[in-house]
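Given below, in the form of structure tokens, are the structures.
Shared between the two complexes below is chain A, which pairs with chain B and chain C, respectively.
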Partner chain A sequence: MSLFIRLCEKNTRIILTKIPNVTASFATTAKPVDIESTEFRVLNLKSKKVENTRKKTRRVEVPPPRANQMAVDQDWPSVWPGPKTFHPAVVPIPIRQGYSLRDQPPPDKYGNTELMKIPNFLHLSPPAVQRHCEALKKFCTEWPVGLETEDKCRKHFPLEVITSDYCYSSPTIREPLSRIVTLRVKLSSLSLNAHAKDKILRLVKDKYSPETDFITITADRCPTKKQNLEYAEYLLTALFHESWRVEDWESEKAEADMEYYDWDKNKSRTNLLTLHAWPNSPTDTDWECIPHVEEYKIAVSDLFNTGEDLHTVNKYKEAVKNVLNLKCEA
Partner chain B sequence: MALAGNIRAIMQTTQQLCQQRYLHVTAVASRTQAGRHRATPRRTKALTYEMANPPHYIAHRKTWNSWNTSNVMGGNRPGETAVEDIFIRRFMTGTWHALFVSDIIIKRQHNIIRIAGLVQRSLAQRKMYFLIGYSEELLSYWLQCPVKLELQTVASKEDVIFKYV
Partner chain C sequence: MVFYTQSLLRRITSGHVRMFGTALEAIKVPEEPPQTFRTIENNPANHTIDHMNRFYTIAPEIQKQLFQHGGLTKFFQKQVKTFAECSILIRQPAIEIISYIRQSDYSKPPNKYVLYGEFGVGKSTTLVHLIHYAFATRKILIHVPWAQNWFSRPRETANSIVHEGNIDLPIDAAAWLVHFKNQNHYLLSELDLRVTKDYAWSHRETTSNGTPLLEMINFGINRIKFASEIINVLINELKEASRDGKCSTMVAIDGYNAFFSEYSAIRDDNKKVVPPSRVSLTHAFLNITKSDWCNGIIVVAVDILATKDRRESYLPRFLLNKEGFEHMDPFLPVHVKNYTTDEFEIIAEYYKNRKWIRDISKQGLRELQLLSQNNPYKFMEYCTPL
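What follows is the complex of A and B.
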């Protein structure tokens, strides 16, 4: 046992002599005691004073900043090719950032964390952007002939698909909101007759905006964008064909079923024709040659469709006076 | 009779006690201490720029130490990002022991994590290069995304002192 202890002691002493700086504190406590001569440990009441040798930080030789040696006409995009945190030794500009104390300039660029935090655009200098554009040019294709203006584009491609892509600073590329697909088409660009137009408006209800003439279909029930786009396309196709279809029962529509007043199918028209052809029996062919008949037709339709108010009643009064030739010459 | 009257009085007081509600109200303790450093008598406490500006100056005199889109409105995975940031900070302070003289700045761009900060030059260059590679490698393995260390060195702690309080 004693042999073992002695060996240990020897080893530590050897190390201590080798690295005095690092383990200076251990050297003070591990005082060499001759164990072989005395069986007991010696209590040192008066400890020897040892000078406090702190571990000295070694000064690393640092070359002067690279920015001092940079040529004035150097190629900056090759010095700073991509996005990077600000480094004062690379950027040859005397920048300062920060809120300064009184009578002092703002903190300079060396050791300035504020400059490191903010995103910089040092990689997006005008020559760098120009080079990017030049590099991308070979992937570009000619703009198609015949699509020079917005109106032409809208005429040839009436369907608009609106989707959103989300870009986050996180490892995931999934975003549930990106599944939503909006399909927009102008009602006037669809080839529909009066019946089909009426039917499609009944089917889409509030998805049609009369101000802009757009039918907007939004699909978000499927989990992916592709599925939603296909579903929206299916909806539009189904709407179009459904609006063209004429069911058997649609011919049974009587005057009482009409949802708006149609002058051409009403009693008012026959009455006017009878009155005009009096005393002969009325003919249905030449009703358009009756003077002021168009004005009368619009006035009567307005009176029924928009309701009675001062404007429509006055319009109706003028129309009746005109069509019956009751207007006194002023 | 007197006994009955006493009993009635006691019953009334107990009933009142039961009906009343006792809500203890103290003065509002609107004390804000976090991130603020108290002045010492002889103005010997050294502060960096970050420490010298209390938290209400964020976005006015100083910016955030974590840059990401998780905490903007509608941002995704804010909880995971916060936990990852704490992990990165702990790992960096432990790996670069007593070397960082500023707060650790974590900036996220797409799936890249950029870690920036100020480091003392008390370490040999070779060791520092080793630590950079070591941290980047381990963090990118754990976080499953590219991690870049963009450090700046200063000669000593005294170089980042902004003022004494």
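What follows is the complex of A and C.
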């Protein structure tokens, strides 16, 4: 064999390929093999592709959806006892959810990720809630006497604290929004005189809603709920006491600084007094005994305070007619 | 021969015809159907609710005496000329005020009536009716046809001699005195109103106690330099006379809110705007609308057009502003509204009678009504080409 290799090295490769039998004869000479028993071995220079016989995966037997066998009067809370992601085979309702293709209904419940994404309240069916309540009942105390209606509650507890709690499964249970505290109180439930009421309204500005009569204070500057609540309470206390305080400079408030029309301090009152006392000079003492003066006062104040429209002008006209003792004949 | 006669006839002038010809006999015109839209009661002193929605006519000589120098609106004046009669529809606001005037207590300060309403509803015409009423009931008339004129079109300005910083409008003041005299000269001479104090206008010119008011007015018309001050004095004298019961006075001012406006075309020596509050005429007419006299009536009309700076609403408090409201308060706001359907029908009938509209179907009339939204001025305008 070594001789043959040497020969090959000396000769060209073409010669070798041309005379395969020669080479073979040489080989036989080198190592005598029984020719009859074995065939020539084939040198496969181009390897033939071997068909890959795949490993067949064994299919898991999936039983038919459980929902198909459910009884109509089954006990649902025991089928779905707690919060759980939606499962199509357990929920016996033909729900569909998601974006529908053209001329097609929305995808049905099987393999529907849209249904699995959204939180469900299947564990909070009315009987489940009722059972919860029944179970909790033994821990409850009696409802306090005297707070039977909403109005009574509001009367005895005028302060409303509104907070939000958040509950979900995430690495942290803190929710930044839960720190916000809103305090609501009706202006009428605070004991204020006219001056204090005016002042508190100037201080709270838009935090007072004239439609609902609520003063709303929202605190969110502190990191925890407790701190915010305390801060809001502090603000309300400060507002209340500040509005009762009368500063020295408040006495300097002139007519031009008035935010509303005060008939008692205006010229309209002097005009009426002059008219009534004519031809004597007006006296300030008994203006209340002038007939219809109250109606007139309200009409003039309305004309300025609620704005002028045909209604207030007519009201003013009627009041003036009464004051001047005139009757419309036409 | 024929030719000769013709040429001769041609040569005869119309004067000859008038001189020698005999007048044609009057052709008998068939009598008109009775005019249900009119009332024969032409004296507004007798007007009551029964006369409402009827036309009455102001006699030409009275019209000339009262409104020669203004008072009728421009459009109404044109209509008066076209129709050859000054007929006014008796409307609810006028009747209402007349009824108030009849009931009011004249020992108290004058009641004030403020006419208000949108443009063209007939505020000024209502005022005309009331002025005629006052004339018929022998009241001294203090009538300002359109106060805005003094501030938007002043004819001459001069610094006031009496009040430092004020501006006089001599020509306008004298023109008003002429208007006043024209309206009141019969009554003034009849009542024999006299000046109660001595007034010295200059070194030589004085008005002494006891001079007739007419004389002072004439003096003001001749010496227009003092006209503004004479108006001031005249108004004080009239207030005094009314208070003493010598006369009763009616104040009628159209465009009254012009006095409380900030706008004016008057400039002072430094070319700065002089607001109406610094014009001496304003002082005089604000003085007469105060409540410090009695035996009088004050009727004013507020109008959007009387101001240039406040035009958002036609309601009286807005137009008068707070200052004006306090000046007038307590006053009776009287809303002059658009025509009611009844009034519209009467007006349409009147226009038909005056041949202002002809051959109009019922449907066409309805269309006009909807188009004009019952607004008197608009209706008049829309009827013009018909």
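Some notes on this structure:
Here is the rule we go by: the second predicted complex is superposed on the first by the 178 of 330 C-alpha atoms of A that agree within 3 Å, B and C clash if a C-alpha of one lies under 4 Å from a C-alpha of the other, contacts with A are read in each partner's own complex, and residues count from 1 in each chain.
Definition applied: a residue touches a chain if its C-beta (ideal position, glycine included) is under 8 Å from a C-beta of that chain, and two chains touch if they have at least 3 such contacts.
Keep in mind the model is a prediction, meaning the values are calculated, not measured.
Once the two complexes are overlaid on the shared chain, A:V62 sits against chain B while remaining clear of chain C. When the two structures are aligned on the shared chain, A:Y316 is found in touch with chain C, with no touch to chain B. Contact with neither chain B nor chain C is seen for A:P77 once the two complexes are overlaid on the shared chain. By the document's definition of touching, of the two partners only chain C reaches A:L272; chain B does not. When the shared chain is aligned, chain B comes close enough to touch A:P107, but chain C does not.
In the superposition on chain A, A:P171 contacts chain B only, with no contact to chain C. Residue ranges of chain A in contact with chain C, taken from their complex: 266-268, 271-272, 274-275, 278-279, 296, 300, 303-304, 308-310, 313-314, 316-317, 320-321, 323-330.
Residues 48-49, 52, 92, 95-96, 99-100, 103-105, 107-109, 111, 291-292, 294, 313, 315-318, 322, 325-326, 329-335 of chain C are the ones touching chain A in the complex. Across the interface of their complex, chain A is touched by residues 48-50, 53, 57, 60-65, 67-70, 74-77, 80-81, 102-103, 105, 107-111, 114, 116-118, 120-125, 143-145, 150, 152-156, 159-160, 162-163 of chain B.
Partner chain B is touched in their complex by these residues of chain A: 57-60, 62, 83-85, 87-88, 98-99, 101, 107, 110-114, 116-119, 167-172, 175, 177.
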